[in-house]
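What follows is chain A paired twice: with chain B in the first complex and chain C in the second.
Let's turn to the complex of A and B:
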């Protein structure tokens, strides 16, 4: 179980308070898959970072009884100056996972070949997303936090990542920020819509998408 | 539970240390050598230049041990403090991994700087000892204690500077002039004994001046009069450390990620 209780998050920009999330609550049980829907800037990424304890809420609490991944997205978690291999070594060390095993998995899944010995800053956005995605799947988590990155890579990569994430890891929990109706409707049981800092949970995904499209 | 936490932290700090070495010095062996050479490349020419332009004795003390014991702590202070500026922001990407805390990131960096500084201290001492410019400190335990206090001071100061720099950009601006002024008032150039009474009492409130006194007392033994007070220094540094830890903890709240 991972749960955010009555979360509020403020940012200060140019001396003014900007409330991104206002009294948002969300509980996700083991094996459950929940989508976050909302327009750009509605706080999806912020909520995911709060759930991953990367940032701290202004008020409210986040608690979990299962292992939760770091927020898997376009940014964060890896170091641009270091090579793919050195980033893998770092992740292997902090998560106490044998490096060879991790490397084998990432090599096979991300299909980056010789680029793994190049610094990450030379990667394209798509390659980088593939790398981070593969890394996070190589570590075993009970719950994956996925921020938009599902749309990364080409068709082949997308098909493989769906297979890895939703079929092989069907028993895991997921909190997914995604605009892709197809993914959300086929795998998620609920959707949390975020709009102007407020949130509302829907179990009827068709209804959720109708509302989301009207925002 | 506690032991497991300790194991995780040790692994994380170790990984951060290696990562820091890779990202700063590259992966070649020259990188590791540079870690040790960097402070030396600074220290040795500076010390020899001073040696050349000044009297070999100052207030009846041999100049080289005096400069050596003054300058290496300055290097540590500048490296630790300078690297601490905005270090949380610069390492935000590491904080995506919940096992990595800002304290781990700080500790990894600090250990690297301290390791480099101590190695430079040892190597430069060996060089000066071999050419007959320096002798073994008269009171070694006292010297170690003084240097330990100096490291402690630099770590506490770096925590405070690093944490405050996340709140206000003024800290970054003030750091440059401050680190130069620090040369003047820290105790690098003076012993408390050389100061007039009023100034001496004021200077001795500073924990780094205290540490310098203890270091010099260790090096020169009873040939000089020093005013180091280990108890006061430990007490002052403990307060600064608690303040630094609290500020770093608070700084986490101000952090805005991309």
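Let's turn to the complex of A and C:
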């Protein structure tokens, strides 16, 4: 289970406090898939980062009783100076996963070939997205945090990503920030709408999208 | 099949649901029985209800007891110069009668008496009507019975009329004003306010001072998401476009009306637009529809104009709906205040035409 209890997150911008999230609570059980809906700037990515413990909340608690990925597609966990291979070694060591196994998966999924021996800073945006996504999936997590990364890459990559996430890992928990109704309605059982820092959970996904579309 | 079928004779007894009209129903039935033979008392407010009641009955003579007689029925009665009785009383007495004798809750009694008052307004204005008032005729049962007999041209001897009156002595025609006042003052204030607000305008009218303002309290309305609940508390607007509030299904007299709908909004709800619509009858025919956008105003008064024609289906109700799906927010209905507008002078349109021609 992963739960957020009364999460508040403030940022300082232009000398003032900007409250992005206000008393947001969420619980996701094992195998459950929950969507995050909201307009741009509503705090979806912030909440994903808080759930992944990439950032700390201003107040509130995030609890995890299962392994949780970092935000899939988030590039904060890799270093641009290191090569693809060195980044993989780093991640493999942190998560105690055999390097060869991890490398084989990333090579196959990202299809970067010899570029894995080059520093990440030499990759194009698309290459970097493929590498980071593949690295995210190379580790087996109980819960995946997905922040609209499904929109990255070409059609073939998106198809493979979809297959890796929603078919091969159908039994895992997921928290999915997405605007795509088809994905949400196909795979998620609930939707949390974020609006002006506040949140509301809906089990009726059609209703959730009706409200989201009218925000 | 050689038996002659006697033509049915129908007598109409209308009035507020108070002791006086119940006494009138019984007196008319006794008079008809003495004069013509077996009689049934049937309840009917419309031509259709009347037709069904007659078909189901096996007697030849009927007393039609109406408490909310329709305009359609009135038109037919007027067209055929059919005589009828209208029994008027203090609407509070009718309210008390429904609550104490028939066990209606105060909300249902308010609707019933308000609807009855509205229905009867035009029935008192025809030559065929014998209008009886509790404070006047109610104090002289014998004289009133004789007047009714004469009105309907029922040939009943004075002694028989006296016997009829004696036989109905257990039916009280009217309550003492002090009794009504005492009962009302003992009524819980919120319930009293609801009833008084909806009925006072008619009290004014029956006292000869013209139709006063009618106020429909929010307790008379229903929550759209749960029609069993009265709209007497804040309503969560979260959700799809839908009816948030509707009701109260009360008959209104024909005329031009201005309704002031008072609404309160939470900060979030004030950002949503709403449709306010008045509808008529079971087919929900729209009388008028307007959109409001509170835009930050926490209390909003919307003035809505509509017309109830004599042929308009009844009863009248209001529905308030959000015009787009809402993430959060609360709305509360204050009240609906109705004022009948006086009709313009009939010569004005001609004046306008003349002015325009020039």
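Here is the rule we use: the second predicted complex is superposed on the first by the 213 of 215 C-alpha atoms of A that agree within 3 Å, B and C clash if a C-alpha of one lies under 4 Å from a C-alpha of the other, contacts with A are read in each partner's own complex, and residues count from 1 in each chain.
Here is the rule we go by: contacts are C-beta pairs under 8 Å (C-beta built on N, C-alpha and C of every residue); 3 or more make two chains touch, one makes a residue touch a chain.
Remember, it's a predicted structure, so these values are computed and weren't measured experimentally.
In the three-chain model built by superposing on chain A, chain B fits alongside chain C with no clash.
Once both structures are fitted onto chain A, a short way to say it is that chain B and chain C open up an angle of 130° at chain A, using Cα centres and rounding to the nearest 10.
With both structures placed on the common chain, the touch criterion links A:193 to chain C but leaves chain B unconnected. When both complexes are overlaid on chain A, the residue A:125 reaches neither chain B nor chain C.
Of the two partner chains, chain B is the only one that A:96 touches; chain C does not reach it. Looking at the shared chain after the overlay, A:86 reaches chain B, while chain C stays out of its contact range.
Applying the stated contact rule after C-alpha superposition, one finds that A:213 touches chain C and leaves chain B untouched. Touched residues of chain A were counted for both chain B and chain C, and B has more of them. Between chain B and chain C, the shortest distance over C-alpha atoms in the superposed arrangement works out to 28 Å.
Against chain B, in their complex, chain A makes its touches with residues 11, 49, 52-56, 68, 70-71, 75-79, 81-82, 86, 89-91, 93-96. Residue ranges on chain B touching chain A, taken from their complex, read 8, 11-12, 14-15, 18-19, 22-23, 27, 92-100, 252-253, 255-258. Interface residues of chain C, counted against chain A in their complex, comprise 238-241, 324-328. Listed in rising order, the residues of chain A touching chain C in the complex are 193, 195, 198, 200, 207, 210-211, 213-215.
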